[in-house]
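Just passing along the structure, written as structure tokens.
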Amino acid sequence: MATLFDYLLIITFYFAAIGLAFFFSWGAAWVFRKLSARLQARKGPPAYQPIADIIKLFGKERFIPRLANKFLYTLSPLVALSAILILSFMIPPGTPFWPGPLAFDLIVILYFSVMFSLAFVIAGWASGSPWGKIGASREVAMILSVELPLAIALLIPSLALARVGSGFSLSITDVIAAQEGIFIWFLPNWFLFHYPLASVALFLALLTKSWMRPFGDIPEAEQEIFAGPLTEYGGPLLGIFELARLFRFYVFTALFVDLYLGGGDGLIFPLNLLVFLVKCLVIVIIMTIIHVASARYRISHAFKWFLTVCLAFAVFSLIRVLVGF
Amino acid sequence: MIDPAIVIIVLYIAAAFCLLGKKIRKGNDVVALLAIGFALLAVVLNYFYLPLWISVPGVFGFAFTINGYTNLIALIATFIGFLVVVYSVKYIEHRGSSYSLFVLLTIGSLIGMAYSWNLFWVFLFAEVATITSTFLIAHHLKSPSFEGGLKYLSIQIFASLFVVVGLGFIYQEALASGYSGIGAFSIDFLLSSGLLTGFIGKFSLFLIFLGFLVKVPSFPIHTWLPDASTVAPASISTLLHAMMIKVAGMPAFLILLLFHSLFVSINFWLVICSLGILTMLICVIIAFAQNDLKRLLAFDSVSQMGYVILGMGIGGLAISFYDITTDPVWLVVAAGGITAGLFHLLNHSLFKSVLFFSAGAIEHETGTRDINQLGGLLQAMPKTGYVMLIGSLAIAGVPLLNGFISKWMVYNACISAGQPVFALIAIFTSALTLAVFLRILCSVFLGNSPGTFEGVHAAPRSMFTPSLLLAIGCILFGVFPQIAILFLILPATTVLLPVAITPPANPLFWVSLDLFLLGTLLIIGLIIGYLLYRIKWGATPSEAEDKTMPFTGGTLKDPYLKVEEARPASTVFSYPFRSLLNGVRRSHTGLVNMYILWFVLFAVLMLSLLIVGWI
Amino acid sequence: MMGLMSWARGKSPWIAVLHAGGCNNCDIEVLDVLTPRFDVERLGVLWKQNPRHADILITNGCVSKHSKVFIKRIYDQMLAPKKVVALGSCACTGGIYVEGEGRNVEETHTIIGGVDKAIPVDVYVPGCPPKPEAIIQGVAIAIEKLKKGD
Amino acid sequence: MVKITAIKEVLKALFKPATTKYPHGPPSHVPEGLRGLPQFKDDNCIGCGACAECCSANAISITDTGDTRTLSIFYPRCIFCGRCEDICPEDGIALSEEFELATSDKKEAEVSIKFTLVKCQECSSAISTKEHLTKIKERIMKNIDPVIADAVAEDLAKYENLCVECRRKLSYQLNTHTQKYYTRGWEK
């Protein structure tokens, strides 16, 4: 069991990780909006825009709808924020040396990402809005469709550790450590090159988790159901939700980079962080391009894609890991 | 210690006293509470091996053993039984004398079954519990209750046939070796004498296993549980789900694990694990399509028992590996699997009791169980709602609640036993469970009230307090699972393991998952959010009259779309499984003959696999 | 602190567009504002069709007796600080749908006049429809008002 | 297949967005013939009120108070149809290219022009603006048959400063009926 000193150290690192995640997410959110604007031949918002939006929301009036359940309506944004903050601490910034007795267990990460989505579902239902209910139902459907490919693709690197030679482990730090070195020729030893199909499945799942088209904005489809689960939210509570959603730019890209793109490639301290952030940014840019270039699909399409194509990709890779070819 | 025989005799005498109860109706409750309270006290005393010895040795030839395993099972049985009796005081309004009688008889028999260390007595107590609980299921004395009770009884009796045949084979072996009497069925005797070797021993134990598997229940023979628990009163459903299926079902795994030297085949344990997987996956998908609250909970219960079967299967798999390789690593994995299974068993009895107690309270107050008719009950019954919220989130495996820990341990056990596919399907099942329970929460408690529940008020205190206690238990075991695992589960695990292992320093004994730290960080996050919410930056609020009305594009009275009545239809949830569901719907005909036919086909398949030697 | 808040309010006005009744031309012109040529997102404007999220309500079309209630309700459902922009001649005064001459707006048996008959209006943007630049100008005036607070 | 031209477009857009700088710079493009704010021309307008008559949105109004006539366009009501410009006999009103009309104060949203009214000699009620009457006289004199020009000029001198009512009254006394023009050989 950890001592008090360990706890203080971990909490320090927690705040450091939150700070890193916040500033990266701010930048990435700006890149996301600016790039999508530029791809549409627009000029796009200035760099302070993501944070100005959130500050403005905190400056608005506080309010609770009449039909809402007061407790759950107030609690769910806090839970969303809390879950995503823990996620941004649990996913190390590209380095296998991350403190504490807290296991960076991939299953725990999976559960906390579900908890993050769950907060939106409860929010949609607790707010008493018809649009919120429809959005929440869609969010549940999205959790269902994404979950299986996501879980398989998340666990494939940790299952593959045994083949790389470092022994089985569910810990994300071991996955990062296992990806150092060279695969063949000049290709680095990333799981992306070992299991490309699984990485595609994970990428699509994370794309959906971070509210990007073609599937991600089904629960909050503006043109159909206003803002989905967040329809009845406004003011500071919406600000907390927006803040929590800002962190998705860090959390879900960092997860992909750590698992399939080798994290910081085992470099020394400032360099590995830099390499890691650059990789994250590249993922954000790719996600943005896909987001801008695609239209929103129907929910049945999402089911079809995730439970056939993505699942097939993931299962194929799983068989490769288990059988070993 | 108090001899379990005394506990059972006290319960039976109290039950007999209830026969007089037509005259003194209030007296029934007092007697029942006193008796079950004494039983709880005795079981807890036994648990801590307190030096208070009251014993009637040798009465009726009862063969009771007090060890970690029997203690755990008896504690679950008695504690839940106690809460059921407390709950029934207000819940069962028009009860004749028979209700308390049969409740006490059932609980007494189950306690006897839990402590029995003799296959014959296990069987006998199981039969008594089956028959008495049949009367409880048919308590309402209406045609569907009789139907449910008879379905339950016929399937159970059919299952006991297998046990009887298995016991007969064993007795034949014993007679052939010159032993006779009930003592020949004692587990200790069977283990030490080496009576059960070779194919006959394996075959007879497997027959007994099949018989008890019905009571767990496992996949092809799960149909009696939803049928029975839908028609039964909620307290009886709790009794069935939270203790009956555990106490009566666990002997199946007890004999498999104790006689592991007969079942060293890897394939055998893989089949058991697959049974668990099938059970959890198929039953949770069936639960999607249910509209009856209690039926949904019942199917989900079967699905949760899949986790227990999986955990036990993984334990047995690892023990077989240990038997083959004698590598002590496998013992740790086996301990992991069994601990996970038993911990999920304990957790399931906690949160499923919460859910059934709440469902009973809802039915008691509103008079309906149809999910599509209920709505907005969090305003009318806030306490029940929040307790059910905790129970649902726990069963769905939300972090920092007990369901998360036990499921996480099952996954870890699967992966460390080299079966990640099982773990992945279990994770997926967990997500499906989450969706099922979100549907319940959202339609029943959140959303708008349909207007027909104006007079609904909170449930009576005696119906709420049991579920509150259990919900607190869910949170306690979620944040500090070490307590449960060290004091309750590990003693039971050591009984089931072939070689005693020293408990590891960290009772979760895989990667150290510091739940206290996780909770701290979660609360820090909540505090950050709350501070951001409370900081006074805001503008002066406007005083508009319609400000708090829901946004419907301006219309309120007669909306164009009727979207205000939106609720999560089961179709949205069951969309991806539509074809599967249709097949399942067609196969669940409701005919007992069909269900028994399934069981026979399943048993024939398993036995032929056994005879061929594949498992 | 208030300076920061005022800055943030000025930099992030979210709009909701409400069509009260009329010929729909102004609606189309609002969409023009979102096109690459005018791209109001560079000013921080986001198109949020939801009064709970919006800071500026852009209304177009004249107010009929039927729609007055809805406009009032949607305005009530916005959270403070909030500003209203009346877009187009109909929303400013009632336009060609009302009787009376000049300032004297007399309601007909269906149309009661401009949006200011139903809710307080902060900025009027005349035009039939207004040119996109005029809409941007109107929103800019509303932003200046937002900065000053409630 | 992705078209090469599409990629070219995207790359061009990436570095050269099409957005104008409007609120911080001048409006990018004001097309010719833009229907902007209607403006009176001080030199041409005679205050006749034809525009107010034909205004489809009733945005133009005539107000006579005391000695002054005010023609005003309440442009929050204007639909910029341009009928006033079409109908104006003297090119006294025209749609300008001004479109930045947003205002937070509706009271100031008005364009107006003032005229001095000519009073009736008999009853001292307002007749019309001086410019209007002059224009009418000029126009009559220009278009009239020279045969009867002097007679018409004589009549006009009598009626010049009278209101409609008074003219009616006087036409009987002064015998200014058009019948007399025919006797001078004027034919239609």
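Think of it as A, B, C and D in the order they're written, each chain with its own count starting at 1.
In this text, contacts are C-beta pairs under 8 Å (C-beta built on N, C-alpha and C of every residue); 3 or more make two chains touch, one makes a residue touch a chain.
Just so we're clear, the structure is a prediction, and the values are computed from it rather than from any experiment.
With centres taken as mean CA coordinates, the chain nearest to the overall protein centre is A. Chain centres here are Cα means. That of chain A falls 35 Å from that of chain B.
The distance from the centre of chain B to the centre of chain C, with each centre set as the mean of the Cα atoms, comes to 59 Å. Separation between the centroids of chain A and chain D, computed from CA atoms only, is 65 Å. Those residues of chain A in touch with two or more other chains are numbered 37, 40-44, 59-61, 63, 226, 231-232, 235. Touching two or more other chains at once are residues 13, 17-19 of chain D.
Contact of a single residue of chain C with at least two other chains is seen at positions 5, 36, 39, 42, 50, 52, 79-81. If each chain is drawn as a node and touching chains are joined, the picture fits none of the line, ring, star or complete shapes. Of all residues in chain D, those touching chain A in their complex are 10, 12-15, 17-19.
Listed in rising order, the residues of chain B touching chain C in the complex are 537, 539-542, 544-547, 549, 551, 553-556. Across the complex, chain C meets chain D through its residues 36-39, 42-43, 89, 92-96, 99-103, 105, 114, 116, 122-128, 130-131, 133-134, 136-138, 140-141, 145.
For chain C in complex with chain A, the touching residues are 4-5, 7-9, 11-12, 14, 36, 39, 41-42, 44, 46-50, 52-53, 55, 79-81. The part of chain C that touches chain B in the complex is made up of residues 1, 5, 50-52, 67, 69-77, 79-82, 149-150.
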